[in-house]
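Read from first to last, the chains carry the letters A, B, C and D; within each, the first residue is number 1.
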Amino acid sequence: MANSIGKILTITSFGESHGRLVGIVIDGCPAGLPVTEADIQKELDRRKPGASAASTARAEEDRAEILSGIFNGHTTGAPICLVVWNKDVKSGDYDKTKKLLRPGHADFTSYVKYGGFGDYRGGGRFSGRITAGWVMAGAVAHKLLDTIGVEIVAHSIEIGGITARSMDFNTIRQNADANPLHCADKEAAAKMLAAIETAAGEGDSLGGIIEGIAAGLPAGLGEPVFDNLDGEMAKALFAIPAVKGVEFGAGFGAARMKGTQNNDPFIIKDGEIATASNNAGGVLGGISNGMPLVVRVAVKPTPSISQKQQTVDIENMTEADIKIEGRHDVCIVPRAVVVVEAMMAIVLCDFALRAGLIPGVIK
Amino acid sequence: MANSIGKILTITSFGESHGRLVGIVIDGCPAGLPVTEADIQKELDRRKPGASAASTARAEEDRAEILSGIFNGHTTGAPICLVVWNKDVKSGDYDKTKKLLRPGHADFTSYVKYGGFGDYRGGGRFSGRITAGWVMAGAVAHKLLDTIGVEIVAHSIEIGGITARSMDFNTIRQNADANPLHCADKEAAAKMLAAIETAAGEGDSLGGIIEGIAAGLPAGLGEPVFDNLDGEMAKALFAIPAVKGVEFGAGFGAARMKGTQNNDPFIIKDGEIATASNNAGGVLGGISNGMPLVVRVAVKPTPSISQKQQTVDIENMTEADIKIEGRHDVCIVPRAVVVVEAMMAIVLCDFALRAGLIPGVIK
Amino acid sequence: MANSIGKILTITSFGESHGRLVGIVIDGCPAGLPVTEADIQKELDRRKPGASAASTARAEEDRAEILSGIFNGHTTGAPICLVVWNKDVKSGDYDKTKKLLRPGHADFTSYVKYGGFGDYRGGGRFSGRITAGWVMAGAVAHKLLDTIGVEIVAHSIEIGGITARSMDFNTIRQNADANPLHCADKEAAAKMLAAIETAAGEGDSLGGIIEGIAAGLPAGLGEPVFDNLDGEMAKALFAIPAVKGVEFGAGFGAARMKGTQNNDPFIIKDGEIATASNNAGGVLGGISNGMPLVVRVAVKPTPSISQKQQTVDIENMTEADIKIEGRHDVCIVPRAVVVVEAMMAIVLCDFALRAGLIPGVIK
Amino acid sequence: MANSIGKILTITSFGESHGRLVGIVIDGCPAGLPVTEADIQKELDRRKPGASAASTARAEEDRAEILSGIFNGHTTGAPICLVVWNKDVKSGDYDKTKKLLRPGHADFTSYVKYGGFGDYRGGGRFSGRITAGWVMAGAVAHKLLDTIGVEIVAHSIEIGGITARSMDFNTIRQNADANPLHCADKEAAAKMLAAIETAAGEGDSLGGIIEGIAAGLPAGLGEPVFDNLDGEMAKALFAIPAVKGVEFGAGFGAARMKGTQNNDPFIIKDGEIATASNNAGGVLGGISNGMPLVVRVAVKPTPSISQKQQTVDIENMTEADIKIEGRHDVCIVPRAVVVVEAMMAIVLCDFALRAGLIPGVIK
């Protein structure tokens, strides 16, 4: 079940970049949740290439289709199958370089694992495109979380070394979608865009950092010791292609703090227990503590660059050069923002269901 | 199965810090592997408090006991139960502060999740002590990995802001165990120890960063898209108390690199495909690529500090001060090094078994 | 993951009787297996209604479609999605009796579990139609088992109280598909067909017993103590709608035997260890013993009958009569034969993969 | 995780017949349930050998010990480890016949699977003795089910071909424990005992049938299509050594009924929906329907008999005779009754937790 994740709410991913479709089966969703294709489409559209320079020119308009599990506008408790059909596929681009391993891509590891039988077109199963299915599942998860007042916002906090300034949650949620980079800091966004355009001109690519925040999360979610909230969340986020690091709260910065600095003092706020700071990022002992869950993911620069690179011709076992053609995002951070939100929503739903916070039938 | 991890090689953790014992059940270990209590003890001893200032004074000598699954000196294919009995337990220390939530600890989240029924003594189930069980399981996993030539070394690369210099794998493996901090850089280790002693004098604590390296790992391990090598490894590492971040290869640094810098060129070395650099940290597309697996984990400073802290009295729902007494590691990084190795070994064994690299019977 | 089964080879079922489609996702299938839509179609056709009296008149011709996971005629190692679209759907038949619970069906239990949101048309998710997906997955599993010489044959051994005579495996495999009842005993098949026609005339229905045999199975498959071969097989077979009992080898008959009668003496045959009899049905201690695996499943009479029945109107909470209209198999045993084969194949593949008998890449 | 069963309430079995101990880890048990060693001991005692002729003379008095997960008399939410230490072990009995495969036992299959490394003493991991751990877990599960009013009673309904007469649930629950055979029909029990004594005199053994009933079970438990109530229950029951068949309600008898006979009419009883008969055995579409769950398991005659049997010497690969010595139950049906109850309780708890019927903290 390597292509499934989640214990009670489970998603199973299928499809390839240049195959017939990309899809997802959601199992364990409570019955009675109102879901329409428009709900799904809305999230899918947020993942669309936006900033001209940042994203691929793939013209295809992804249309979400519900194939099962929804009846009379509501979930039935049966598995929900959602798909987008691939339309704008130019596989010829890839056949030429098939035997040349693209640096930074999964061509080599896929070749070793699947004995050369893998679908190499556009990265096949390793393409970022398969996250379209996850985003569709995320749309359902977001609706489920709505029923218990949990809201998730992710945003770009760093691209090409340019960092957004720190903001409060409300400012972030209001501004994160205001530009195609999903960066809540308008000034930083402008600089990031310029950096992306420069990189594009150089045939290079950029990475960055995404921060995801879940607000309204009740204390008590997480299943120690191994199915803890941070561990399951990290696993889900590392599934996103190009993610190389995950940290919660103060994260790697906590390694440089003293206990007196890093410990979040407990206080009473509005009659509830809270913490004065949130270096923990909302999770203690693998369980949510009622503070916002804060996670950051490091995204590597897009491996597909148009500059010539050194590689190996796997058929002839000779060293060779490769020049990757075709359309590629210079920086996938902006599009990955929506995927981070989706994976966070899916994991949090799973925990909310495990904790019995969301009932088996939504009324 | 929140206290189990692994798909084919599964470990199930049980026990508490101040209960009768700490233990582990290992399921799915192939038959025929020679295992003695001495093998287990050896790893357990490496986790012992070593640097006087860095570690607790808990006098107890942990003795590994095999309760099942080993017969005539070999694994039988049946579940292996390993335990250490708790002896030197001073639970009175904890009863006094039972109602005061310790900042940075799981007292509050445990209280919410388990309704106050949790064993609060010494952190109970949330104590670092339960990792003794994981280290015992790791000892078996290391022996399994030996059969396929995989070697794992972890070491402290940063403590209290002091960083070790970069070294090659052989230097690290030769020097990492030469001092109680498990820091391969002797000079840095001396400074780290001084920093720990200073923090101890101030009633404060320190965090740091551990790097784990798996050498000899064949290409092809990992199960995309959700059970990928990095995701499963990250989940296992986030189970270690105090871990707040996990990154592979260039990690968060990759977010600041360009594609031309971050992509590892493929080369042919000794007739095999390799990469000229290892920014990927040995994993591409969730699958090992034959290069050393390199992972780093951020460890927060020990939350137990002897300075007075602000907190909440959960019985009376009033704000209060807490002063934690008893014995505590000023910095758990050195002891966590052995736990990182153990979790890495367990995860890699699981993948090697899933890939059929380790047979069902060891001969 | 209630709609998934299998640990290494996992199938995930989706779709409804009168929704858009019925489908399956197969995860964990090794790469390199040649699979065509014709391979899938062949098994699907065997499940088609055959004997006029025994089966429904649903005219729809099911066409298997491969949506993912197959590339250039071979499996890629990625999830394989297979579907059949529903075409000949007369949902109006069901709206009329929607509020009347059909005795012997899941209408009531579905209503309780899913709060009335379930798709009630044609039994929705509880319809035998969803086994079309399982049969498609079974087609792939049969091909995988071919690579290690395992052959599975199921046949009707009892319908309406009429029993087929005992035969050897070769006779069964040659004759089981010779008539639409999948009964290898021609004379018994004729009587069964007559019984079915009589029951049809009376507006009644019949049950029966199916026997499944797996030949060529190597010794050593099965994972005691809980994932044993018989337990996993039984679970998979109880998923087939209408199955009320599962037994292996002498089964319930063994309860009436003495140890001297039931124990299968070990012998040496062709230089291999075998047993002189097969009361164990090929499984000892939850592990295959190299003898043919023999399992029998009890199938209840089709609950949809055209006679008037007593029931409850769930909207008005009043007792009421129900007369079920529409098309229904008088006896589903013949069609379930193919489903039994499919589920056996899926479970045995999973165990063969767990045992490393089938490699990760088929060459 | 072959030695684990259950999704939310998971038990992990370890230990061997002649090793140091037999144990169980229960994960996922809600916090706050009062549990004492006496609660566990009570169930363990019911599994003790009782009828002199029926059971082994193993003198050992099993003492349940709680090793973790219980604090101040209540479950903590942490894994509960329960063990019984083996004391009265005469392993010498087994060494003599080590190379001779005992017919009807797992000696051969274990040998194949574990390459001869298995603990052969007393059946090792395949011994009925390991069910002592399951019975201890069952004791906890029974207490959990008490909180929602579910009661489970199993009883011997057939031994050596002698059948108990049919009785109502209250009569069964009052009389089932009145004799060591756990047969509610006193007259039948006397005949069964005589049959057992006769078989004992002949050096032979007997099988039988156990019926398990769960009363008070609410409608709505079960997770179709694969994790359904009957399938999961069957899997759990097939784990009990010597079980060769499992059926629900009318079971194999349903195969011989017509739809008009087998369908249970829906009625309204005390304002609730019920069925007039219970051929379904309390489960429809894999979900409980509020009627008593009725399951029957076929138990084969004890394979250990004192008569001479034909077998193979696996070291020399020659045919040979074997005469099994040592103490053995002539009929394990009476002792398996308690194990059936335990496994039923464990499975039902798991489903009750999945359905949110039992909360995360018991108050």
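Note that in this section contacts are C-beta pairs under 8 Å (C-beta built on N, C-alpha and C of every residue); 3 or more make two chains touch, one makes a residue touch a chain.
All of these numbers come straight from a predicted model, not from anything done at the bench.
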Chain located farthest away, centre of chain D as origin (C-alpha)
A
Pick the pair with more C-beta contacts: C-D or B-C?
C-D
Rounded to the nearest Å, the gap between Cα centres of chain C and chain D is 27
Let me have the rounded angstrom distance from the C-alpha centre of chain B over to the C-alpha centre of chain D, please.
39
Let me have the rounded angstrom distance from the C-alpha centre of chain B over to the C-alpha centre of chain C, please.
46
So which stretches of chain B touch two or more other chains?
1-4, 7, 13, 113, 125, 360
Complex contacts: residues of chain B adjacent to chain A:
1-5, 13, 101, 103-106, 108-110, 112-113, 125-126, 130, 158, 160-161, 199, 204-209, 219-220, 222-228, 230-232, 234-239, 241, 244-268, 271, 273, 275-276, 279-281, 283-290, 298-305, 307, 309-312, 314, 317-319
Give every residue of chain B touching chain C within the complex, in rising order.
7-8, 354-356, 359-360
Listed in rising order, the residues of chain C that touch chain A in the complex are 1-4, 6-7, 10, 12-16, 19-21, 23, 25, 27-28, 31-32, 67-69, 71-72, 74-81, 83, 113-115, 117-119, 124-125, 360-361, 363
